[in-house]
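For clarity, chains are labelled A, B, C, D, E and F in written order, and residue numbers in each chain start from 1.
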Amino acid sequence: MRASGRLPNQLRPVTITRNYTCHAEGSVLIEFGNTKVLCTASVETGVPRFLKGKGEGWITAEYSMLPRATHTRNGREATRGKQGGRTLEIQRLIGRSLRAMVDMKKLGEHTITIDCDVIQADGGTRTAAITGGAVALVDALSWLLREKKIKQDPLQHLVAAISVGIVDGVPLLDLEYTEDSACDTDMNVVMTQHGGLIEIQGTAEGKSFSRDETIALLDLADAGVKDLLAAQQQALGW
Amino acid sequence: MRASGRLPNQLRPVTITRNYTCHAEGSVLIEFGNTKVLCTASVETGVPRFLKGKGEGWITAEYSMLPRATHTRNGREATRGKQGGRTLEIQRLIGRSLRAMVDMKKLGEHTITIDCDVIQADGGTRTAAITGGAVALVDALSWLLREKKIKQDPLQHLVAAISVGIVDGVPLLDLEYTEDSACDTDMNVVMTQHGGLIEIQGTAEGKSFSRDETIALLDLADAGVKDLLAAQQQALGW
Amino acid sequence: MRASGRLPNQLRPVTITRNYTCHAEGSVLIEFGNTKVLCTASVETGVPRFLKGKGEGWITAEYSMLPRATHTRNGREATRGKQGGRTLEIQRLIGRSLRAMVDMKKLGEHTITIDCDVIQADGGTRTAAITGGAVALVDALSWLLREKKIKQDPLQHLVAAISVGIVDGVPLLDLEYTEDSACDTDMNVVMTQHGGLIEIQGTAEGKSFSRDETIALLDLADAGVKDLLAAQQQALGW
Amino acid sequence: MRASGRLPNQLRPVTITRNYTCHAEGSVLIEFGNTKVLCTASVETGVPRFLKGKGEGWITAEYSMLPRATHTRNGREATRGKQGGRTLEIQRLIGRSLRAMVDMKKLGEHTITIDCDVIQADGGTRTAAITGGAVALVDALSWLLREKKIKQDPLQHLVAAISVGIVDGVPLLDLEYTEDSACDTDMNVVMTQHGGLIEIQGTAEGKSFSRDETIALLDLADAGVKDLLAAQQQALGW
Amino acid sequence: MRASGRLPNQLRPVTITRNYTCHAEGSVLIEFGNTKVLCTASVETGVPRFLKGKGEGWITAEYSMLPRATHTRNGREATRGKQGGRTLEIQRLIGRSLRAMVDMKKLGEHTITIDCDVIQADGGTRTAAITGGAVALVDALSWLLREKKIKQDPLQHLVAAISVGIVDGVPLLDLEYTEDSACDTDMNVVMTQHGGLIEIQGTAEGKSFSRDETIALLDLADAGVKDLLAAQQQALGW
Amino acid sequence: MRASGRLPNQLRPVTITRNYTCHAEGSVLIEFGNTKVLCTASVETGVPRFLKGKGEGWITAEYSMLPRATHTRNGREATRGKQGGRTLEIQRLIGRSLRAMVDMKKLGEHTITIDCDVIQADGGTRTAAITGGAVALVDALSWLLREKKIKQDPLQHLVAAISVGIVDGVPLLDLEYTEDSACDTDMNVVMTQHGGLIEIQGTAEGKSFSRDETIALLDLADAGVKDLLAAQQQALGW
């Protein structure tokens, strides 16, 4: 049915490789089919100025695509001298989503930066980044506990994210690039381990969508996120 | 019930003033209670490079807050040398929403820039900007027709936007600043004149939200947007 | 005689609206005919680094035009990533002029920022900004006294500013845009309530000007500034 | 009387060295006492976009201080990533002043850039830059004629500039740094060879100044500029 | 002898993986021990402005480290708004080295950009980037031939690079991070397949070095580069 | 033999003028033929953040060319908003070279900035900057001793630098611009007063170079640097 032979409600093969690089407190390569994102979690002592002295921690995210992660080369943002709007929009989404995982009081005055660098892109990079970043974040929290820098586990729940969309009137799970380019509606959904919604971002690309289509997409996403949560937990050895 | 005495499903007073300034092809001051946004539509001949020679037009938006639109002064982005992530995220949302109003083929090789400058902020500035920007855009399209620069009206339908959210467990329409700061879930909804959804952006601030809450918020937004569309049409003398 | 029907020594109608927005310690909309500038005064505790520990305050100004304040749209400085030379030149002039109003010792370690945002431009925006900014500054000083953050009134005198110029050999007061574009000499004059000169900036646009013309322009400005000072005092209820 | 032993109406020794460097079409080192500015004029074919196709030329100026031209080191603007407000204000003044020298129609579609780099600063750098830049510009115009790139001499008249100010109530000509720091009023005056005024920029530093003081300063400047014009002409071998 | 058990003249294990990502015309992951660099070659039609119309091609390189490629996190250059001096120095070296491989006339008006992104750093990232980038460049040239975009093979010779240094008086080949930090002299050497030198960059870190030490280091590098050239050729299946 | 009539191993006339400007703690104009570079050394109390509290000093360098130091005008880096790669590469080289002169412990917590501004360029500007900067640095160290800000002389040895290259197969000393443009190999060599090498940067411009050519160039440089060291010492009155 789909170009890839997948069913409408089928994820691409998902691979989560922990300890992909050696320096970071958490380092995960996540693959959704041909989409590959390296997610590292870096722990630093201290917090940004607006949090100083409150005894709380902070989680932030940065997102970038390698110039040739895409079909044609995109100029490097460091060369252009600023991050683009799409990049900032995505890294704000990742940051908000991952902050929802953590009890900031228990984290104490530590900052964890999740760097999500897209090695290869084929649609769904932001949802892969959230899903992989969540695992890297769990590893960084474990490191903090193991190194006795904090006393209580700040983890509240895992978070995972998936894209859904309507292509030729059919709701599809986990859009790859060719589907994403052709879709009428595109939606990214972030959910917790306990089924709660963290973020919904739905956009009409070609034509508007209805209340019923919204519900169908949410239900499709709900099933996909459950599979991702299982993959995360398997990778974590839970 | 609400600090302002409003019912949960009640909008703030909405005022739409056309021709607020004299130079722009469309110029609208929109007020949602104490939130005041000046939306101007500027027509230019020609299109960005990626559209050249396709015979299609382009709509783009820029958003900014005056430094003292808010309770405390925010540094000017021109002084800091770049637009912040929040600004870029919002102006991308406004641009996507307003592009959905227009048949780009009929617009021909013209670019319309919608500038949304927040004079005073009290929550809901992005939805006010979309709702006011839509009226300014209609005026700019009328100007193009009147000046015989285009032959057919490119307008497909009006668009309006409203924020909804859950505060202390209660879904509320059109959050003002104090409600926005206290809410658990915040959602911005953009819809067309014909009831189609253009954009949904829902975010868990404090705790996650459910499928049922999502539906309740969408229904609340649906009613609010209908009122805004009526206000737009009245302002336009339709 | 003039396109607008004004006499050579006649100001445009001047309107000064205090408390135009609700958050700032001083907020003034000033109109010189079709020129409309929103001037807000924001008080912050503390001073820039070069003044720390001296027990003195600081006044600074920022100036910006909304993109479509003008006949054709001007790109936003925040988007271009820097303020232009004209903007910096004007905001330095506004800052110097308003600093002359205040006894910095009495102000103590407070910084007042005067933001001058041009809503609509028709010539004379910098002089309108100084004249309106002076009123916003007075309101901010009153706020400091009322809030008991300072003990003595730091106000030394009001300041107002007007443009004068020579068009077709005739000295004119308060140039509007079409006159400003056609003038041979353009001069901005800032004066105190007591008749002292704070700033003179005279520029030959087309041909040079003489000592006698300079004196004629200064005298014309002197009368115009007196009228503006009366309008300021009336607005302040003095 | 003055720290340097000069009379109130006496210039510092002025030296104008042409052909100071070898590559530029005009290259002048100008010294006003200890103030030393290198002014080069560079000719390029073509004009900025806003002038294309009008058959007119353009003159522009850039100004910079070497980091240790001053008593203490100033950070390099190239390192900070932007030119400061003072720099932009000064280079706009220089540009306007030198454009007044030239008939742009006769210059044809050439751009001449006057670079004014302050090697050593002791007050009056902007007036030295204008006075030296004028000589470099004359040399560049001669080069254009000599190379037969233009047919008619575009030079209308020389221009020179001087600072004047009031220190302890006494009007002084050509302020050096210690006087400039102590003055109540500071004025820069640009005049043509024929006695016409091109620019007046007067600023109250400590207290306001009067109409009579303005006239006294203009008369003092007038005499000083005449001496500078003589020095320019002598350097040019006229 | 060395911490890693290597002999002074022994390389770390070198791995060259072609086609590491799927979109680029050349894509190579190169590993020198724990140093891992992804090198992609992107072909674009056209050349930079300074080469237009000359019928020649251009090769350029960009270099970046992922933020957590290193022991502690380095801020992202895109966030800081500019590339650092070290980055620019390295990418200029890579570009010069790889340009030496190609006959620009035979390349015709194509630009090949070599992006070198360091996934994990343990010393020698710039020499790994050159060595891996050379292979990616060969693949991109083959692609141009295969796609019949050029007629003749522009490849002149392979190029490879290695670092050498003096640690505690002993010349060592292929420094890893701990050796690099402790060395007295550090030298990067780039050579062709035919034994010619392309670039030598030798730096005294702690104390100066002698003519004899220079020769010893060059000879050590010569042997190391020969091994790298063999690894490149094996990876290319030559 | 050479266009200038020089022998292959002959330097251009070298002039070193100390106290060229009056404010800096060290100020040297160095001339290698037509290449003229102003090198100032500025002493500041304190060190960069990464050195705080270690009791060590810091030496850093900045390099810039005046826009018309060259045959055609180069845009000013301050106007473009960033320093180019060539500039950063050169100023890093100058900084490393001059740091090798000083015992940082004896310098204590002082920072010395060497500004190298090229007044006129004719090849070899970076080696002239190092050679002149070394003299300015010596003067700044003497100033620190004379002002009793430090107790022991931190100077370890002088440093000087020269360029060498191969033109038409002939190794030449001290390339001027026309030779530099035509050379096959270009090498910059920095050495101490005691004959130790500090930096070698050799680059193949047209074709690769051999081990023997490297040795020949090093020997040529060695003789040239000895002459420069003599000129430095003469200028310093040693």
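The definition used in the following text is that contacts are C-beta pairs under 8 Å (C-beta built on N, C-alpha and C of every residue); 3 or more make two chains touch, one makes a residue touch a chain.
Every value quoted in this text rests on a predicted model; they were computed, and no experiment measured them.
Trainee: Once the contact rule is applied, which chains count as partners of both subunit A and subunit B?
Mentor: none
Trainee: What is the minimum number of touch steps required to go from subunit B to subunit D?
Mentor: Contact-graph shortest path, subunit B to subunit D, evaluates to 2.
Trainee: As a quick test, compute the distance in whole Å between the mean CA positions of subunit A and subunit F.
Mentor: Computed from C-alpha means, the inter-chain centre distance equals 50 Å.
Trainee: CA centre of subunit A versus CA centre of subunit D: separation in Å?
Mentor: Distance between chain centres: 58 Å.
Trainee: Averaging only over C-alpha atoms, locate the centres of subunit E and subunit F and give their separation in whole Å.
Mentor: Comparing mean C-alpha positions, subunit F is 28 Å from subunit E.
Trainee: Check each residue of subunit A and list the ones that touch at least two other chains.
Mentor: Residues 81-82 of subunit A touch two or more partner chains.
Trainee: Examine which chains touch each other and state the graph shape they make (line, ring, star, complete, other).
Mentor: ring
Trainee: Starting from subunit E and heading to subunit F first, what is the chain order around the ring?
Mentor: So, from subunit E then subunit F onward, the ring reads E, F, D, C, B, A.
Trainee: Provide the residue numbers of subunit C that touch subunit B in the complex, in ascending order.
Mentor: Those in contact with subunit B are residues 21-24, 27, 34, 36, 38, 40, 42, 44, 62, 64, 66-73, 76-79, 81-83, 87, 113, 115, 117, 119-120.
Trainee: How about subunit C: which of its residues touch subunit D in the complex?
Mentor: Per the touch definition, subunit C meets subunit D at residues 82, 84-86, 88-89, 91-92, 96, 100, 187, 191-192, 194-204, 207-211, 214-215, 218-219, 222.
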